[in-house]
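Just below sit the structures, each encoded as structure tokens.
Shared between the two complexes below is subunit A, which has subunit B as its partner in the first and subunit C in the second.
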Partner chain A sequence: MKLVLLLWIMGVIYAVLYIVPPAEGLGELVRIAFFHIPVAWVSVLAFLLSAGWSIQYLRTRDIQYDWKSSAAASLGLLFCLLATISGAIFAKLTWGAYWNWDPRQTSIFILLLIYGAYLVLRSSIQEEKERARISAVYALLSFLTVPFLVFIIPRFYFSLHPEPVINSGGKLEMDTIMIYVLLAAVGACTALFWQCFSYMVHNKQKSA
Partner chain B sequence: MKKRHGIGIGIIALFIIFSAVSFKSSLTPYVTFAKAKTMSGSVQVRGVLISERVIMTEDKKAITFKLQDENGQEALIVYKGTKPDGIEEATSIVAIGKYQNDQFIAEKLLVKCPSKYQSVQGSVNK
Partner chain C sequence: MPTIRLNLLNCIWAIMMKDGLCEFRTRYAVSALFMFALISLASISMSIGAASLPADLTAALLWVLLFFCAMAGLSRVFVQEEESGTIIALQIYGSGQAVLFGKLLFNILMLLSLTMLIIPLFIIFLNVDIYHWPIFIVVLILGDIGIAAASTITAAVVAKTQGKNALFTVLTFPILLPQFLSSISATAKILMNVKPDISDILFMAVYNVVLMIASSIVFDYLWYD
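The block that comes next holds the complex of A and B.
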């Protein structure tokens, strides 16, 4: 399984570097998108999963769900950070500045703060059940902001950020070859996330 | 209990919408020329290029072009620096700077490129 994932990731890297054609306007810079879009997608997915397992925890009070929820939220924060950094580099190369407090950047910054606070909150509570309960509620509430911060605000205000691949017009303005590579990259990134996630949860189960 | 949760979530959602509307100015740094004229500090104006070309000034120390903001107001932008890549193809331009003598003196220019994720016609590498 790990070997398949490794080969897959290497295949995607090869495809991004050598198969993807330079894009109109973006040129060679388009290659960053194949990192930037998948990590951003995974971070939203991780936050969603974290909220889902929080609900499960609150319903069943099974500590396993707390481990899952917190692992997903921490990884989500990590991928969100990667999306922010790759985005800043992308911005420097296309717009001309690393950071401009563009609505897209402001909203992702708020998201980083919200989930950063989640980790701080967790580390400040000693008692296991108390920590699980409070962080489940917090993770659930945090996720409510995700649709606004990720999907609504950047579409509501003018942003230097390009239209998302799945844009308001519902058109897919992407070459067929790029779509395939992007899907493969999203798949690889999601699988990598899942691998890290399983590892973290498994560790918790062993130490418990 | 379920109903109470629904109401709670509704209140939070309303609060988020309220914050998004009331913090509009903090969420977006971009203003119009009309607003820029009234402000003394450095501001960010976004607009579209309406000059046919981006030209150099006579002393060749700056570039200048006309920008039209979202309200349709135009202004002459003067930017002392090298011409950013792709400025003529940009779908939007953000000029950071301030108004001085009916000109907008930009310290920095940001360009929004049309990102179409389409390969270059004929696919010739630059």
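The block that comes next holds the complex of A and C.
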């Protein structure tokens, strides 16, 4: 399983470096996108999963869900940091500044803040059950900002960010080969996330 | 046990009055908040001297000031109960929803009275002209309700943690941010003599309602172990 994942990631890296053609206007820089998009996708996915497991915890009071929620959030923070940094580098190379509070940058910054707040909250409560309950409540509460981040900011404010792959028109403006490589990269990144995630949860189960 | 059964509205009112009475006896929170506001306003005004600030910067300053004032005092509603050990009595007598909304009402009133004190000082110190008073007041009230709603529920979250006050700001900010950004942009428009769109005001009102509904849903999980 791990070997397959490793080969897959190597394959994607090879494809991104040697097969994908340079894009119109962006040139070689487009290769960053094959790192940036999957990582950003995983950081949002981890947030959704973490909130989902928080609901599960509050309903069932099974501590396993709390471990899952916490593991997803810590990995989410890592992926979110990677997405922010790769995005900032891309922004510097194409727009000329690392950071200018573009709507997308605001969104990912709020996501980063939420992850940070959630993890700080967890570290400040000693008792296990209480920590699980209180942090689950906070995870749900912070979920309120999601509609704002996803729907309102990118639609209502002017943005320099390239159109998302799944845009409002529903049409794809990419080369077929690029789409396949991008999908493979997203898959690889999600699988990597899942692998790390199961490892963390498994460790927790062993130590408990 | 109380002999008179109170309905929810009476319970909310009773809890608000209780907090108001405690506050009136010590006057700790109100005076601390007011002094905090005065110091920050004076330091801003002193450091810029006679220079006039652009409207969007002034609007941002107003809301940053209100936010940090709120962060200095609004967590008290739950932290105080936890520290003095009275939270157990409240858990026995008050239902969760009544406690949440009573405390929320108290926080809203406190923040509104603080705003009434800050705004004249703000106008005097920073020499700002306000063009659309009725809309400005609506924006202030909605923004204050938003800050109070976000901080009441996070106050309940931090009450059981260590390092309550530092954590309180960290937890409240991301939840409040959407509302906070729109209050700043609406205020900036007012200071620039442009009427804010109805959609800005509507967004703030909707976000307040959503915040309150969400806190009412999750509060029971915090209140009843």
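We take it that the second predicted complex is superposed on the first by the 205 of 208 C-alpha atoms of A that agree within 3 Å, B and C clash if a C-alpha of one lies under 4 Å from a C-alpha of the other, contacts with A are read in each partner's own complex, and residues count from 1 in each chain.
As a convention for this text, contacts are C-beta pairs under 8 Å (C-beta built on N, C-alpha and C of every residue); 3 or more make two chains touch, one makes a residue touch a chain.
The shown structure was predicted, so the numbers you read here are calculated from the model rather than taken from an experiment.
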Consider subunit A as the common anchor and indicate whether subunit B and subunit C clash or fit when overlaid. clash
Which partner chains sit in contact with A:17 here, subunit B, subunit C, both or neither? Use first/second/both/neither. neither
Quick one: is A:7 in contact with subunit B, with subunit C, with both, or with neither? Answer first, second, both or neither. neither
In the overlaid three-chain picture, which partner chain does A:97 touch, first (subunit B) or second (subunit C), both, or neither? first
Touching A:178, do we find subunit B (first), subunit C (second), both, or neither? first
Touch check for A:134: first (subunit B), second (subunit C), both, or neither? second
Touch test for A:145: subunit B only (first), subunit C only (second), both, or neither? both
Chosen between subunit B and subunit C, the partner touching more subunit A residues is B
Contacts of A:121 with subunit B and subunit C, given as first, second, both or neither: second
Which stretch of subunit C would you flag for clashing with subunit B, going by 56-64, 110-118, 128-136 or 200-208? 200-208
Do subunit B and subunit C touch any of the same residues on subunit A, and if so, which? 141, 144-145, 148, 152
Enumerate the contact residues on subunit B facing subunit A in the complex. 9, 12-13, 16-17, 20, 24, 26-30, 44, 46, 70, 84, 86, 89, 92, 94, 108-121, 123, 125-126
Residues on subunit A engaged by subunit B in the complex (per definition of touch): 21-27, 30, 33, 94-97, 100-103, 106-107, 141, 144-145, 148, 152-153, 156-158, 160, 162-163, 165, 173-175, 177-178
Per the touch rule above, subunit C residues touching subunit A in the complex are 153-154, 157-158, 160-163, 167, 170-171, 173-175, 177-178, 203, 207, 210-211, 214-215, 218, 221-222, 225
Quick check: in the complex, which residue numbers of subunit A touch subunit C? 58, 110, 113-114, 116-117, 120-121, 124-126, 130, 133-134, 136-138, 140-142, 144-145, 148, 152
